[in-house]
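Next up: some structures, all given as structure tokens.
There are two complexes below, and they share chain A, which is joined by chain B in the first and by chain C in the second.
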Partner chain A sequence: MTRIASSARTVLAVSLLVAFAFVLIGPLLNLALWSVAERWYTPFKLPVTYGTRYWEQVFRPTGDAMASLGTSIWIAVLTVVFALALSIPAGYALARLKLPMRALFMLMFLLPQAFPSVAIYINVARIFYQIGINGTVFAVVLVHAAHGLVFSVWIAAAAFAAVDRDLELAARNMGASPLRAFFTVTLPLAAPGIIASGIFVFLESLDEFTGTFFVGVPQVTTLPLLLYNAAMGGNYQVASITALILLVPSVLFMLFIERFLRADVLAKVGA
Partner chain B sequence: MPTDLPNGPRSGASIAVRDLHVAYGGTRVLHGVSIDFTPGSFTALLGSSGCGKTTLLRSLSGFVPVQSGSIVVGGQDVASLPPEKRGMAMVFQSYALWPHMTVLQNIGYGLKLRGVSRAEIATKVSAMLAMLGLSGYEDRKVTALSGGQRQRVALGRALAIDPGILLLDEPLSNLDAKIRMVMRHEIRAIQQRLGLTAVHVTHDREEAMTMADRLVIMQAGTIAQVGTPEEVYDRPATAFVANFMGAENVLPLRVARSEAGASFSTGDATALVSSEAAQALPAGEAVAYFRDDVARLDAADAVAGGDLLVPGRIAARAYPGGVYRYRVEAAGRQITVDDADRHELGTTIGLRIPLQRLHIFPASEAGIAA
Partner chain C sequence: MSLSQRHLALILIAPGLMLVAALFLYPLCFSLISAFSGPDGSFTLQWFAKAFELYSTDIVFTVVIVLASCALTALAAIVIAGTLTLGENPYIVGTLKALYRWPLFIPFIVAAQCMRTFLAKNGLMNNTFVSLGLMEPLQAVSFLDWRGIIATFVWKQTPFVALLLAGALASIDRATLEAGRNLGASRMRVLIELALPQVMPTLLVALVLSFVTMLSVLSVPMMVSGSQPTMLTVDMAFRINAYGDYATANALGVITYLISAGAAILYLKRGMSQEAPR
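And then the complex of A and B:
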């Protein structure tokens, strides 16, 4: 009796796992298939002809795809620099200093996430038009940074809070100025968390669509916008390849988190 | 051998603390502490948790802001200076070694800040490691060291900058008993050799007594008594100190003065003391403190002689090794007594306590500790 029950349990577990894997990997397989399908139409279940023509098209140095990949990365790098320049001091202050209304500050960075993004970006676009920066890389960076700050500030605050205060005091005790102690002890120890938050902001920026659409188009074309245009134009191959390119940094990030980020830092996020 | 030392013998600095007030948030922790530390002395700050001993140490090092009062080091008031300008080196309870640095980088950090060349740092650190018995550990990660080794590295880091003053914040409390004994002697020996002024915070009475020249007993943010280990142990100034130093048995007493001296009674027992000894005694209601090992068990009808003989009954017995430990009910109190002989439970005995081993304080003062 118990043998039947246990084998039934195994069968159930395996089939659930397979179903889960299908939900997770199925769409990705579809993407991969589309990226090498040169011709694929109904009623065929699989592509009619395979080939790498579209890969060549995307990776052609003069192609739109490479240009928008360049734009995307440039915007993402600027966004990371901007967000870290704000979140390192802000995170340190939130972690160390006894700020009144600390919770309010933490919530303030959450605000851009709290409202429907379309409503926000339409107003942002209007303001940017008025001050004449709409359609510039700078405007897109600002929008991406506002979006990424909540993560970078919260993670940075957690990373600094996880550094034992005595380690900093020991440096001061040995004769280091506050700034010197920060750069030789606190920052290196918080670095894994800060780097993770930077990568997170980078990915968010790379992936961001709505804000870029409202404040960047038509002058600024990022990879997600290209993907949108390709998909709307019925070019599933280019859209699939673009999507696959966007997937790479995310996977690398997951590996980084898994390898370097300590549980005690993760536990302090938002605390 | 002084020639083994990285920097040769040097002398410690003096510290004079005057009327120091410190508060955390709204809570006042130190209420006007004044104390002097002479150059080359080893002082232990001793007290139960929350008494302010760690706060006193941290205000010396500059980690805790001072509300009022002065800390004069070698003629200069450092109370308003930041930690890096005070010339004191601290060994932390958690060691506070930097996990992203090697042993060499940890010990050499202070030297690097002072602009010492790389080659000179390497020489000094290797001499320091030799002194601490850690030769060849330069490139180890501190996270790969055992507790005792980390402790030595933390000590080495503090000593590397030639501090005049060494602050020790319960540095031995995270070590196991055997290494703790070794480190007690090592720290004391190094302090003596270098002639440093050392201030050691601990809640371990034995550690304080074996390491320090002088004990400072702290209670609720003030200093209860300052003295050599012998003075504090044998002649506690207050009921709190007596109790803290291990005199945990309490007997209520009634002291009556007469021309011949004084008599004091507890329960059914009475003892007489001569007039010169009686000068030191309070009159009226009093409380006597004494240690487990000063009392003996005797027959209930034995001759008191010069001792206090209190009738009592044995309530419990344990054998911790060497002697029996009894709990005796006498004069309405539970008294713990060590005795070499085995007695049965319920036996009526006489509790014999030599008068000079009793620490007697007025009942009004003792109320806090009893």
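And then the complex of A and C:
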């Protein structure tokens, strides 16, 4: 009797798992199908003709998509450089130095994430328009960096806090200047965490839509904006291929995040 | 020494703070001033009157959508994290663990595009149901309205909440849970009565963050549901792009701040109480 009950439970659990997998994978599968569907219309349940025509169109060197991909990566790289230049000193100060009102400063970096951002971005766009930098790569980089700063500062602070203080003291005792101790001991030891935060900022920038939508238009077209324009224009193939391009780094990061962010660093994030 | 160290610390942190001040605090003040001042610069509530007159349905719609999405996300995350922690069949736990995190870092705009195709009248979901004989072709309806928005939000946010929750569940004392099991409590009861109360703070923080995130997303309501009523983010973008009407858009913005304020206060309180023992 218990055996029947337990196998009935297993069957139930397996069917729930299958339903869950369908809900989870189905949307992604639909996206992949659209990317190789040259013709697909009702009442056909699967594409009528398959082909790579739209892939060729997207990856044509002169096409919009390659230009957008280039813009996106260029903006993301600049954002990472800019965010790290601000967050390495800030993270060190938060982790190692006596800082008055430390909790308040930690919160300051969180605030841009804790407010509904659309209302902020429309005013950023207005201010940028007044000073004449709306629609430039520089403006988009500024917005992306402010948005990603909470991750880079908090993770950098956690990475510095996880570095053993005695190692710095040993370097100082052997006559290294504070600056030298920082660059030869502290920074290299904190580097994995800081690289992880850089990857985080890179992805955030690559995926960012709302800020670019208000600040970057009409001159700056990143991949998410291209995806939006293609989707709203009814070109499901180009939209799906663009979405797949954006998916690759996200999924890779999801699979490898635990290698970048060690548990001892992760435990200190936000502390 | 200690004074100079303080100065050094402030100098090191200043550039980052200045960026946040310039690109968050200043625009925030700008939006508040714009929402509350009339054409002649005096204090007025006329933009709020206009916002309520035009968009009261959308305000209610936004709150209901976000709350419903949070509730469903919480439920799904509890089921997933609970199964991961208390599940006894290693194959099921392993498969679930490998599967559930996939949407974690997928951008909202990609999730929106996925759902636009999946939930459409002739999308993969309806087609699969028809092929399996669960549904007649004529019964197929499009889910690209409020249901689509909720489905996209839950699909995208559940892995995040489940990940934090599973982490918290893994770190609580196993002995209590084992004791509960040994005394004959079902796994469901152990989860609800013993495990969940201990990880409530984590669940709450994850849900508050999801709440604010959902309030900020523009791409999902724009792409998944083209129809009225819609969410406030879309209304704000519309007021700006169609009319250049910053005052009403900012009034709507202040309303979204107020909606998220309740949630944010909970979060900040929790952040402060964690900071306190340092």
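FYI, the second predicted complex is superposed on the first by the 268 of 271 C-alpha atoms of A that agree within 3 Å, B and C clash if a C-alpha of one lies under 4 Å from a C-alpha of the other, contacts with A are read in each partner's own complex, and residues count from 1 in each chain.
Criterion: a contact is a pair of C-beta atoms (placed from the backbone, for glycine too) under 8 Å apart; a residue touches a chain by one contact, two chains touch by 3 or more.
Only a predicted model underlies this, so the values are computations on that prediction, with no experimental measurement involved.
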| item | value |
| --- | --- |
| Chain B versus chain C as contact partner of A:Ser177, first or second or both or neither | first |
| Chain B versus chain C as contact partner of A:Asp164, first or second or both or neither | first |
| Which of chain B and chain C A:Val140 touches, first, second, both or neither | neither |
| Of chain C and chain B, partner touching more chain A residues | C |
| Partner chain(s) touched by A:Ala76 [first = chain B, second = chain C, both, neither] | neither |
| Which superposed partner A:Leu29 touches (first chain B, second chain C, both, neither) | second |
| Those residues of chain A which chain B touches in one complex and chain C touches in the other | none |
| Chain A to chain C touching residues, read off their complex | 10, 13-14, 17, 20-31, 33-34, 42-43, 45-46, 85-87, 89-90, 92-94, 97-100, 103, 105-127, 142-143, 145-146, 149, 153, 203, 207, 209-210, 213-214, 224, 227-228, 231-232, 236, 239-240, 243, 246-247, 250-251, 253-254, 270-271 |
| Touching residues (chain side chain A, partner chain B) in the complex | 164, 166-167, 169-178, 180, 184-185, 188-189 |
| Chain A partner contacts - residues on chain B that touch it in the complex | 61-63, 82-84, 88-90, 92, 94, 96-100, 109-110, 113-114, 157, 161 |
| Of all residues in chain C, those that touch chain A in their complex | 2, 5-6, 8-10, 12-13, 15-17, 19-20, 22-28, 30-31, 34, 89, 92, 95-96, 99-118, 122-125, 127-128, 130-131, 137, 155, 209, 212, 215-219, 222-223, 232-233, 236-237, 240, 246, 249-250, 252-254, 256-257, 259-260, 264, 267-268, 271-272, 274-275, 278 |
